[in-house]
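Sharing a structure below in structure tokens format, with a few things to ask.
The letters A, B, C and D name the chains in turn, as written, and every chain counts its residues from 1.
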Amino acid sequence: MQTASLKVAKQASPLEELLNLPLRSNNPYIQEWKAKGNKVIGYVCSYTPEELIYAIPGVGGTRIMPVRIGGVGCTHTEEADTLMYRYICTFTRSTLQLALDGEYNYLDGVVFNSCCEHMRRSYEFWRDLVRPKIITMVSVPRTCHSETEFRWYHEECINMMEEIGKVWGLNPLPDQLLNAVKTYNRYRQLMMEVYRLRALKKPKLTGSEAFKIMQAGFNLPKDLFNEKLEMALEELKARPGITDYRARVLLAGSYTDDPSLVDTIESTGALVVSDSLCTGRKFVDNLVDESSSDLVEAVARRYFSRITCPRMMEDPEERINFVKKLAKEAEVDGIIFQHITFCDIHNIENIIESEAIARAGIPTLKLEREYNAADTGRLKTRVQAFLEKIGK
Amino acid sequence: MIFAGVDVGSMSAEAVLLDEKGIIAYSIIVVKPNPVQSATIVMEDVLKQSGVKLEDIAFCVSTGYGRERIPFAQHNVSEISCHGKGAVWVNSKIRTIIDIGGQDCKVIRVDGDGNLVDFVMNDKCAAGTGRFLEGIAKTFGMHVSELGALALRGVNPVPINSICTVYTNFDVMCFLADGWSKEDIALGVANVLAKRLVTLINKVGLEEEICVSGGVAKNQGVVRALEQAIGKKVQSLPVDPQIVGALGAAIFAMERYRILGERKKVATN
Amino acid sequence: MKNNSSLIKYDYLRRLNVTCDLLRVALSSGAQTLPELVANWPQIKAELIKEHDEEYVQHLFELVFPEVAEALLNPKHLQPTIKFAIALKKYVLDLGKYLDEGKPVVYNWPTFTPEVWYAMGVVPVFPFEAFAGLLSGLYTDGLEAENDEAEKQGFAFHICSFTKGPIKAIEVGKLPKPDLIIKNSSPCDSSNLNYQYAAYVNKCPLLILDSPYYTNQRALKYYVQNVREMLEEGQKITGMKLDVDKLRYHCEISNRQMKYMYGLQRLRKEVPCPDPGMMRFLDFGTLVLCGHSDLVPAYLEQRYKEVKERHERGETFLPPGKKEIRTLWSWGWVANMFYLPHWLEETFGSTYMECQLSYLPEDITGFVDTTNLDTMLEGLARRSMNFVMHRTAMSYSDIWVNDFVTIARSHKVDVAIFGGNRACKHAWTLCKILSDALQEQLGIPTLVWEHDVCDKRFMPHSKIKELLTEFFTTVAQ
Amino acid sequence: MILGCDIGTALTKGVILAEGEYIFGTSVLTRANAERAFEDLLEAIRRERGFKLDDFKEVVITGWGEGRIRLPHRSEPTMKCIAQAAIWDLPSCRFALCLGAQQSSALILNDRGKVLDYRINDKCAAGAGRFLDIIFEALETTPEESADIARSADKKIAMSSQCAVFAESEVVSLVNDGESVANILEAIFRSLVSGVVALSKRLPIRGEIIVGGGLANNLRIVELLEEGLGKKVKVFRLGPSFIAAMGAALSVNGGVR
């Protein structure tokens, strides 16, 4: 069965493969990875220093791969609703539900963050009900501007490494760290290339495809992903480019890994050519300084100096300018600010950003939505009306 | 040259035929379960009325929740744009349209050409939609169109606080049982509906003139309650407010036909 | 008072100012019932209009919840409430004077107590409790208008009305524009983003006092360091200097407060509970005013004295023959229904043990060692980390759960009420864990219901009474 | 004799006990008029059994309409009544569910039928009996036949609508997209039951389970409930609708002995 799915996957071109990579434990490469005795660690927030996990040398030459925990494919949230009540966002409930359904049993460990109120408080349920072999917390300060905060985060990174290391391996050697750092920098550069191809006058791929590639990136060992993406990029460049779109839009707001939202938007003829999401452009923003003598610190620095998530209680101006910059790069006709119902952070952040963006003369649409793509008809009506409003 | 607009909503479907001189004919039906079926029937009806043949229609635009599935429409436009377009066409002073449909309730702001400036749509709860009133009317054993006149005669509106439409129906039954007059209940219902509309209106703001479109616009009780709630006058439209969406679609059909025509010219020259 | 005075210019300040006198004069008028109070109104008003505008006073009087007035006239509330009004008045006057002098307007989030600011000569504004809480608790119009303003702009209904209202009040000119905002990064996203929004629209600096996710020594060290940096920055921005002796003076005041706080907490363990529930709401108010003036501990001393004597006399404030039902409020009080604890005492003999907004772990928070600056800052930091609403929110939910299971045991609790503010996301994540623990470990039932802490429209008082009546008549006998 | 009466939002039920033994029970439509419903009930009792009001030593009333009855009577909280009836029906019962027209409630009780804890949901109609009435109407089916129809479902379809009113129109469009009534009913039942299961799991589920309330007349719902709770569920012996009325009657002189 495994090898079969593997064969099927192997026949496809690298691009097709990235676009159709099966989810979670059905992912043939994860099956392959685990079969070799390697470990997989899940994490929930973009403030998790992934490369540090990737650098940890496992016992007997095994490896440890970080994957980002998402909620794609979640069809019900019964148990999660019972545990968490209706005021918790559907993304948090979906991920927890998947975990309770055993969808994340392939994970050997989970790294949590003090990211947002909803997600951080599902830690207890993972710890007590899902019970991964390792579950650890990275306490991330809510400001990046002071050395004290940075040192705290830096220590948190080291502690996380040690906690995982002491169970399955050792602490990484300098060259192991350097390799991991290089791999992740390469990954970010390649993803930026994808964004460049999306921003072209004739974009080489749809937003939906871009999200699928991003999704694949969350769920493959980055070395392998980089390899495939390099080839996939050649395939993309060879494409004629999309011309029959109705409008170019940028997607901003709450956590979005499920392509179905983008599908809904693009089903109106709009093309999502860029985004300012923590699952997208923000995720690959900024590189680690490879020349640093203390690479762990350099990694921590990167996470503290990349464009912030509004859970950081500062820099709305920077985030607004970031969105303006992206909008210019990708020559967008409008920006869609979406937030998942009950997401306090992006509800208010979208008000701040969209008002400023509107003042700058870029058309904006604010959408409230559930994580799981229900109610698509009404979302679609809103988006279509938005396009009509901006004369597209 | 004849243009058509067809609007398939969740409760009713409308079709409008239009030429340069104005509205030729229109038709309103209660929806058949299937949008395509509804569209076909309402279109056949309006054709029959006017003696126009389908092939005489130069261009047809569909709107409403079934808009993408209408076989005889060459193009579809969101109901939000259509209501804006239609309202301004019948009264050029209109800048805000409050459309109360079967399931959706929208507040639409437009410019002098009827193009969208801003809009907002209710969240997915029946409270404050046409269905809400339909339910009440059912409880009264009367047609929804009779509610308005009833509410106008109300004096002491009943206090309704349940959020859910289904429960409001039950509350209404209780008020009846407790001996309240239908008039006062209808007024209470109109007020609570108006209150829910205001929270929506607040999100985009109002610019005068204001009008109400959709079936509920015929409910004078709701309109008056709304006027009191927003402290502004609501313009009554010279056409049946229920056809505003379909009319808007027909106007888009006319505009689109012209644009395409010009493009063709450019192409042939 | 001059018309350009801040206490006139900003309606919230004006309200608070008149409220202090209204409470003091009205409750000292000798009236024991609402009708008597109404009968005394002419004299009361005559007294008030010596300082305040007649129309305004009259208007405010008409806005008072009759239930609240009636409750406060009850002997169990009367004297402490007067003392509270006097203490609050002192703060309001200081604030008014401070603002009139054109000094920098500083907004302070209550989870780090304000001694340090007093020690700089700053009189901070406390939008959270002093305004949102008190105004929605006392007056029938509450903060609904400001909440609606916020919702117009797209703030969701579930964004906390504790912060949403006051922040809007700044924009509509009911509160002064801030020059500096200080915010703990706990308890919640809702408040964090509200304050971030406020700093952004008012173009003023936001000092973030970062709450670590742990409660160990390392976290404390980190937190103390954050406090130091906050003070450095704060002095730079305000241009005012922290005076160690002043800090010691104010810490000693708040230590005295704590002494009585802890004393009251201990007395609540007694059966029957000698401490009336409504006063928790005012106690919270004094936590926010922490260390401001001697009048603050004076209120708590009065409270402590009364409660202790009541206990020693073996008396209860419950209606004769009412069986006591010892009730744990596992979320907190409902600001917009200030009188609810009194109603529950009178109707069901339900007494108020502790809640998330009243509980301070004496053994951890202790007293601030006033030896020197370092010891004081560490003491204040430790208190803050374990402060009401901060201890329960900044870290794992285990803390909240364990605290409340412990309280349920030590206070011989009969039933629990989880009246959760709908904005309080982290409360809704642990509601089931907590109610399960209470039921499985101690057989204590929990009534779970939703309210909006500063907006009575979501859960009307009549509905709340219905829910509680059903609960108490069903499980509590 | 004792008359226990439960004036619900849909049905008004009466149960008669003599020496603590059940002898008769009947119900009438409430039609939102508690006073009249109560009279109708007394009339029905007179007609069917010839008992008159003064034949009853005590009248105990519970449920939505209790407060509206002027006739001197004793009132009991609904939740207490349900527990009393549950323990009477099944001494080993420690968990009871009541799926009413407007409200579903779950409660745990001790061996004396005392309510230890409960949860209710009444926020909106989704998941309440009234919701089903709307659906049955839309599907032109009856509560009686719906269970068997649902059982014959051959595929799982997802209902996106939370709102009862929208569910109605969603159902209509499903029908017209050629979806079978069986599959739709099954989907509706499943989504409804999942709500009840979530409610139940907010409490520690112990001992045996009794279910009452109008929805429990629907055997498919009961089956799905058992599936969801992973436990056997017993439907109240006298007919699920009578659970609260019976409990009211039992509450006289300390209830179940």
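As a working rule, a contact is a pair of C-beta atoms (placed from the backbone, for glycine too) under 8 Å apart; a residue touches a chain by one contact, two chains touch by 3 or more.
As the structure is a prediction and not an experimental result, all values here were calculated from the model.
Counting contacting C-beta pairs between every two chains, the top pair is A-C.
Centre to centre, using the average C-alpha position, subunit C and subunit D are separated by 43 Å. Note on chain placement: the centre of subunit A and the centre of subunit C lie 40 Å apart, centres being C-alpha means.
Chain geometry summary: the mean Cα position of subunit B and that of subunit C are 48 Å apart.
Subunit A has residues 82, 368, 375 in contact with two or more other chains. Residue numbers of subunit B whose C-beta contacts span two or more other chains: 124. Among all residues of subunit C, those that touch two or more other chains are 154, 432. Taken chain by chain, the contacts link every pair, so each chain touches all the others.
Within the complex formed with subunit D, the subunit B residues making contact are 10, 32-34, 37, 102-103, 124-126, 129, 131-132, 135, 163-167, 170, 173-174, 176-177.
Subunit B contributes residues 161, 199, 202-203 to its touches with subunit C in the complex. Across the interface of their complex, subunit A is touched by residues 153-156, 158-159, 183, 185, 188-190, 192-197, 200, 206, 208, 210, 212-214, 218, 222, 225-226, 229, 396-398, 422-426, 428-433 of subunit C.
Residue ranges on subunit C touching subunit D, taken from their complex, read 432, 435-436, 439-440, 443, 445-446, 448, 470, 473-475. Contacts from subunit B toward subunit A in the complex involve residues 65, 77-81, 104, 115-119, 121, 123-124.
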